[in-house]
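One chain, chain A, links the two complexes that follow: it is found with chain B in the first and with chain C in the second.
Let's look at the complex of A and B:
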């Protein structure tokens, strides 16, 4: 997902009886479905886990601007250009709310960016794939925003108040993005030329598996996943969400007349779900570890934007300080 | 014999077509330039702001080009005009096609344009041509916001650090020769000014000059001396830069003719 493989610092789950009174009160509060707010006491691990998850989510929104921004200048109509600009602008806005949500936990945006730039913090593996044709833009809206929604809808019920509220705003916009992406694929596949449909099929071939990887590896016996669930940061297992995504998406591919690139994909009547093939987790780990097709390029772009922009940020700060000094001087004169 | 319906006008549809193309092309070309910063701006707030301005400009381009296509009456639409013309048929100012350079140059270009664009749209909102007046009234609201933003940034960065000041001053020097064209009237401008369809550019020149002068003073920037004003964009004689921009912008339409997008 936008946050993949978040470590919680837990080695095993504590029972209520083993907890100190403060932690027990916290856990009971969470168990009752109440929200934790910034000023409330919280276990250190809970705070650190949320910082990791929310900042990774924010970084994904920011880096996620790049593959789509790559096509703004080449969008094939003025309307598509406007829609894409608005979408990428929304993603930057999501990054902004999420950085603000993480800041309530005692970390600054500059610190988080530093962690992104030095490679300490991760972002979603999906944004390390290239956008090679116009159809990739539609594919990202349909599949990537679609997968993001699967994950973010339950996050609206996350125990941490600022994160859950940020998700409410974000989810509305993501579903809009998903519909616009799908709509542009309908144009290519159902109203377009043979070459356009071919372009869409090629894009699906390249994006299908990376989209499934967005949900992360099966939780299995992961203590981190169990701890996140106990804290109500996470509500569903990775496999549950992935299955839901496949079940929702395959009929949409059928409507487009596109073939999902998975020979093992078939409807399972007994389960009432689609069975699908084995995901290449080696590829997932390789991309997350830095060797995807675009990891270096994406990070370089972000670091360059930050470094080249230092004079701009310093200039604004210097001007604001001058104004503040003049104001306090003015007050001193008046006194 | 009855007089033709437009006999009372002293300007032709050709002049109106040319004029609305200029307005639309300015917006389209500047939007295209600004888009290149999305995801690469110096701060997250700037990624958002630059996308927002670009989005407004695309919207305005759509309105002007749709009107231009209608005035032309050849069955073309706004997209045909945007994606089907070669550089020589574009009528934008040379200023807006200037390369982005650093963020200082992008912001200075924006300010110099906004300081002209906003009063231009305010004047056009009173145009004798209703369809022009309607688009201008809507666009003027957006342009007012663009001008406030670019003006504030020019002041802050001009009067910021030594480096930000020097960058803004250098950007100003590079762009200054392209500002004269905005207020240099040609026969199209004159024909429309006579009927009240468009403002008199001499009046606009004074408004622009005062606003720019005041802002530069506040920004502690030195106003360059007026030299020869580079010109030609409004008549379709552009810099070398425009062809590359269009090659990129029009690529998909040209590589996949007859598509539905």
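Let's look at the complex of A and C:
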């Protein structure tokens, strides 16, 4: 997902009986479905896991602006351009909600940005793929935001209050993102030329598998996944959400008249779900590890944006300090 | 990295009256910019008609550990709730 492969520091799950009283009280609070708030006591691993997950989620929103920004100046109509601008602005907003949620856990904004810029923190593998044609922008809305919604809806019930509240805001806005993407694909596929439809098919061929990888590797055996679920940070396994996404998305591809690029994809009556082919996890690990088609470019762009903006941030701060000084001087004079 | 902009807590009053409600926080160099940033971050869909920005450091919060002493006294005063009193049906709506 936007946060993939989050380590919890756990070797195995502790039972309530093995926990110290403070941790047991915490776990019982979580088990009862109550929220944990910033000043409440929490296990160190819970705090660290949340910082990793929320910052990775925030970085994904911020880096996620880049592939789409590529098309703001190239959008086919003024209306599409305005819609895309609004969507990209939303992504910036989502990043900001999430950074603030992470900051309540005791990490600073600058620390998080430093971890992103020096490669220590990850962001979703999906944003390391290029946007080659206008159809890619539609694909990102439909598939990438569609997969994000699948993951973010249950995150609204996350045990950590600030994260859960940030997710409520994000989810309210995310549906627009998916719909605008699908709407632009309807135009290409059902009202467009053969060449436009072919462009959409090509985009689906390139985005389908990376979209499925967004949910992360199968985590049935993973102690980190089990620990995250015990802490109610995570509500579903990666495979559950991936299956739900496939089941929802295949009929939408059918409506567009596009073919999902998976020869093994077929409806399984007994399961009431689609069976689908093997995901190339080698590719996933490569891209997440920094060696995807656009990793270096994405990170360079982020670092450059941060460095190019330094004079502006410093200037505004200097101005604010000067005004504050003048105000306190004025007060001293009056007294 | 240079000094980080201070943190502000943002409160918005919605369209239909009611009080300002906390919606989240953001960084800004001063109060004026905090309001402008809050406009962009928290009211992109016409969510409000008024914004308050408060320096996060200026907020005093109750400590979670004080939950007992702070809120317990109200538990014993159930007569503060109207349902504590039985009013005969014959009296009519009250």
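Operating definition for what follows: the second predicted complex is superposed on the first by the 335 of 335 C-alpha atoms of A that agree within 3 Å, B and C clash if a C-alpha of one lies under 4 Å from a C-alpha of the other, contacts with A are read in each partner's own complex, and residues count from 1 in each chain.
By definition in this document, a contact is a pair of C-beta atoms (placed from the backbone, for glycine too) under 8 Å apart; a residue touches a chain by one contact, two chains touch by 3 or more.
Bear in mind the structure is a predicted one, so any value in this text is a computation, not a measurement.
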Partner chain(s) touched by A:39 [first = chain B, second = chain C, both, neither]: second
Which superposed partner A:314 touches (first chain B, second chain C, both, neither): both
Partner chain(s) touched by A:114 [first = chain B, second = chain C, both, neither]: second
Which superposed partner A:193 touches (first chain B, second chain C, both, neither): first
Partner chain in contact with A:16 - chain B first, chain C second, else both or neither: neither
Chain B versus chain C as contact partner of A:324, first or second or both or neither: second
Partner chain(s) touched by A:103 [first = chain B, second = chain C, both, neither]: second
First, second, both or neither for A:25, with chain B first and chain C second: neither
Partner chain(s) touched by A:93 [first = chain B, second = chain C, both, neither]: both
Broader residue contact with chain A after superposition on the shared chain, chain B or chain C: B
Residues on chain A lying within both footprints (that of chain B and that of chain C): 86, 89, 93, 96, 109, 310, 313-314, 316-317, 319-320
Chain A partner contacts - residues on chain C that touch it in the complex: 1-5, 7, 23-27, 29-30, 33, 40-41, 44-45, 61, 63-64
Of all residues in chain A, those that touch chain C in their complex: 37, 39-41, 86, 89-90, 93, 96-97, 100, 103, 108-110, 113-114, 165-166, 169, 173, 310, 313-314, 316-317, 319-320, 323-324
Sites on chain B touched by chain A in the complex: 28, 31-32, 35-36, 38-48, 51-52, 54-55, 58-59, 61-62, 65, 78-79, 82-83, 102-104, 153, 155-157, 159-161, 163-165, 167, 248-249, 251-253, 256, 258-261
Chain B contact footprint on chain A (complex, rising order): 62, 65-66, 69, 72-82, 85-86, 88-89, 92-93, 95-96, 99, 109, 134, 184, 187-188, 191-193, 195-196, 199, 301, 304-306, 308-320, 322
